[in-house]
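Below you'll find the structures, each written out as structure tokens.
Here come two complexes built around chain A, the first alongside chain B, the second alongside chain C.
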Partner chain A sequence: MQALFENLDLVLFAALFVVGYFAGRWNERRHYASIRRREKDLAGVLVFSNRFPPAASGRAATRLVAGSAVISEDYFKGALAALYSIFGGRVRSYESLIDRARREAVLRMKAEAHGLGASMIVNVKFQTFAIGGRSQNSVKGVEVLAYGTAVAPAGGA
Partner chain B sequence: MLLSNLELVPGRRVVKHLGLVQGSTVRAKHVGKDLFAGLKNIVGGELKAYTELLQESREEATQRMVKQAEAAGANAVLNVRFATSSITTGAAEIFAYGTAVVLE
Partner chain C sequence: MPEYRNPELPEEVNNSDRRPLASFFVLSAAALAAFGVAALALVFFGGELARHLPYETEMRLIAPHAERYPPRDHPVERYLQRLADRLASGMSLPPPMAIRVHYVNEPVVNAFATLGGHIAVYRGLLERMPDENALAMVLAHEIGHARHRHPVQSLGRGVALGAALSVLSTGAGGGVAEGVLGKSGMLTLLSFSRAQEDEADDAGLDGLALAYGHAGGAADTFRMLREAAGARGRSEPPVFLSTHPLTQARIDRIAGAIARRGAKADGPRTAIPEEVRRALEKDATQTTRPSTRSAPAASRIQVRVVPNTRAGNTLE
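Moving on, here comes the complex of A and B:
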């Protein structure tokens, strides 16, 4: 018992590490399941990074659409990333985090376009922004913004 | 006011270019919301408060850009871009810019 109290910070770290691992994994799985489901639902909205809509679309209604999401890291991912920053290499724990944020942002953008009756988004741009940055005591997460121009056949949007 | 990040509007002609218009806002986070976000940092998941904060800021920046375009007599802003930069810990600047034009 004495040893437990003497190493309280270490015990706390271990507890958060374990909680972060299980809770984070559960949250990530749930999020991915939801992403896959919605990606299927919105598969009808096509997304292009081309600067112009296909020439065949003719006169069309256009409108700026955007989607964004801020996804938080968990304690496990954070600790793993800190370790990787010493030894270098691929930080898989962050790769999936940014992937989730990006796909979520695209889905929200698609949902907005779908609501406008558009079936196409062109000139899609991405922007990634790290919240918290390098500071020790701030909340850490990553924001992805996706935006583009929704193109609807004339009469829509 | 038509906003688009294309350089043209399909089927419509640009009659007049009115130059660059821009809007920006600097927002800081709320301490109370940050407490909850701190918990989220342990278990992971979406930081909804932050998503909303940045989205609202982006809307405000866009609004300011649109106001400038209206003042210049434009009816559309083309080639709209967004930029986000962290100014200091806990505050970010959201910037929106584009080209104000008159469409026929």
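Moving on, here comes the complex of A and C:
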């Protein structure tokens, strides 16, 4: 018992590590399932990086739409990333964070456009912002903001 | 707009994290191995650098602890100090170094050398010594440690290890560093390597042979201590055995070292003065009488008073 208290930092690390791994995996699996389902549902809303809609679309109403998502790392991902930072290479544990944040942001933007009756978003751009991580032990998160111009048939928006 | 479609992107391109736990263990094993090598290097250099610490600095380190154990006017301590001075005069100690022997009135079979040339000898060990020659071997061995500055090397290693461990965990590393630098740990928890033991044995043999003209008692000391442990069976062997096995190899090594020096293997033995024997007996009866009344409590207190002598390294 005393040994437990003397090495409280190690015990704490182990606990956070285990919780981070299992909770993080479970959350990520659920989030990806939701992302795939909604991507199918909203496949009708097309996304373009072009500044203007295709010429054939005729008179249209336009409106700014945006979607933003903040995804946090878990303790396990952070520990793994710290190891990657020693040896270099792809920081694989953070790739899924960015991937989820980007796809979630697009989905929220698409949902907004869909609510406006638009079937395409043009001039789509992304911004990312790192949250936390200023102090060494803080848990890091990432925000991805997706925004663009929703194009709806005239009168629809 | 039937001519436009957003394709479904493959999942693996942006998210390749397929077996995170496996990569974690591979990477942390590699990091730990690298850390282990660095820690070993630190510990090695810690010991080597400590050897070059000026002796005056070592004295300053130990001074606050030494003050608590001033020389006592006790017949046993006076006798031990005289014997140590006689042995040390033949062991070519570096100029500022002086040996101070402390007699500890406890039944533990133990003796150890620590920083600043301080040597502690316990009553339990003295009672088992058949003659002065055997006792001289124990003292000369501890003086050998002091002469080769093993205590400060051990301290340097301990501090370096603590510093290295505190990178991993502040708790564990701080514990080690504190144990080494702490009040009681510093005095009794210094551990010596096998090579240092051999070095101290050699220096001790030289001192013994020079003082008595023969090396009688050297092998006896270790053989006697081993037999004492055997006679007591499995019930609590003397402290030094748990940390420092008295192997036949060590006894053979000592016999070989005596032969190589061309020293006489044995000769006339000197008895421990009767006055010292009587003082030891008096101390033994005075301290055991109350303990017969409440044995468990007394033995528990004794363990608590000298926790480090039981766990610590002795006669090493």
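The criterion applied here is as follows: the second predicted complex is superposed on the first by the 151 of 157 C-alpha atoms of A that agree within 3 Å, B and C clash if a C-alpha of one lies under 4 Å from a C-alpha of the other, contacts with A are read in each partner's own complex, and residues count from 1 in each chain.
Here is the rule we go by: a contact is a pair of C-beta atoms (placed from the backbone, for glycine too) under 8 Å apart; a residue touches a chain by one contact, two chains touch by 3 or more.
Please read all numbers here as calculations on a predicted model, not as lab measurements.
K.L.:
On chain A, do chain B and chain C fit together or clash when superposed?
P.N.:
In the arrangement built by aligning on chain A, the partners chain C and chain B fit side by side.
K.L.:
In the overlay, answer first, second, both or neither for which of chain B and chain C A:E73 touches.
P.N.:
The answer is first: A:E73 touches chain B but not chain C.
K.L.:
Hey, is it chain B or chain C that touches more of chain A?
P.N.:
Looking at chain B versus chain C, the one contacting more residues of chain A is B.
K.L.:
Vertex at chain A, arms to chain B and chain C: angle between C-alpha centres to the nearest 10°?
P.N.:
120
K.L.:
For A:G20, select first, second, both or neither according to whether it touches chain B, chain C, the two together, or no partner.
P.N.:
Only chain B; A:G20 stays clear of chain C.
K.L.:
Have a look at where A:F126 lands relative to chain B and chain C in the superposition and call it first, second, both or neither.
P.N.:
Touch status of A:F126: no partner.
K.L.:
Touching A:E143, do we find chain B (first), chain C (second), both, or neither?
P.N.:
first
K.L.:
Please work out how little space separates the C-alpha atoms of chain B and chain C at their nearest point after superposition, in whole Å.
P.N.:
15
K.L.:
Of the residues on chain A, which ones does chain B touch that chain C also touches?
P.N.:
Chain A residues touching both partners: 57, 77.
K.L.:
Once bound in the complex, which stretches of chain A touch chain B?
P.N.:
16, 19-20, 23-24, 27-28, 31, 51-53, 57-60, 62-64, 66, 68-75, 77-78, 104, 122-123, 125, 127, 129-133, 135, 138-141, 143, 145, 147-149, 151, 154
K.L.:
Of all residues in chain A, which touch chain C in the complex?
P.N.:
6-10, 21, 39, 43, 46-48, 54, 56-57, 76-77, 79-80, 83-84, 86-87, 90, 92-93, 95-96, 98-99, 102, 119-120
K.L.:
Could you list, by residue number, the parts of chain B that touch chain A in their complex?
P.N.:
By the definition above, chain B touches chain A via 2-12, 29, 34, 37-38, 40-48, 50-51, 54-55, 58, 80-84, 86, 89-90, 92.
K.L.:
Can you check the complex and tell me which residues of chain C touch chain A?
P.N.:
Chain C residues touching chain A: 1, 4-6, 8, 14-17, 20-21, 23-24, 27-28, 30-31, 169-172, 175.
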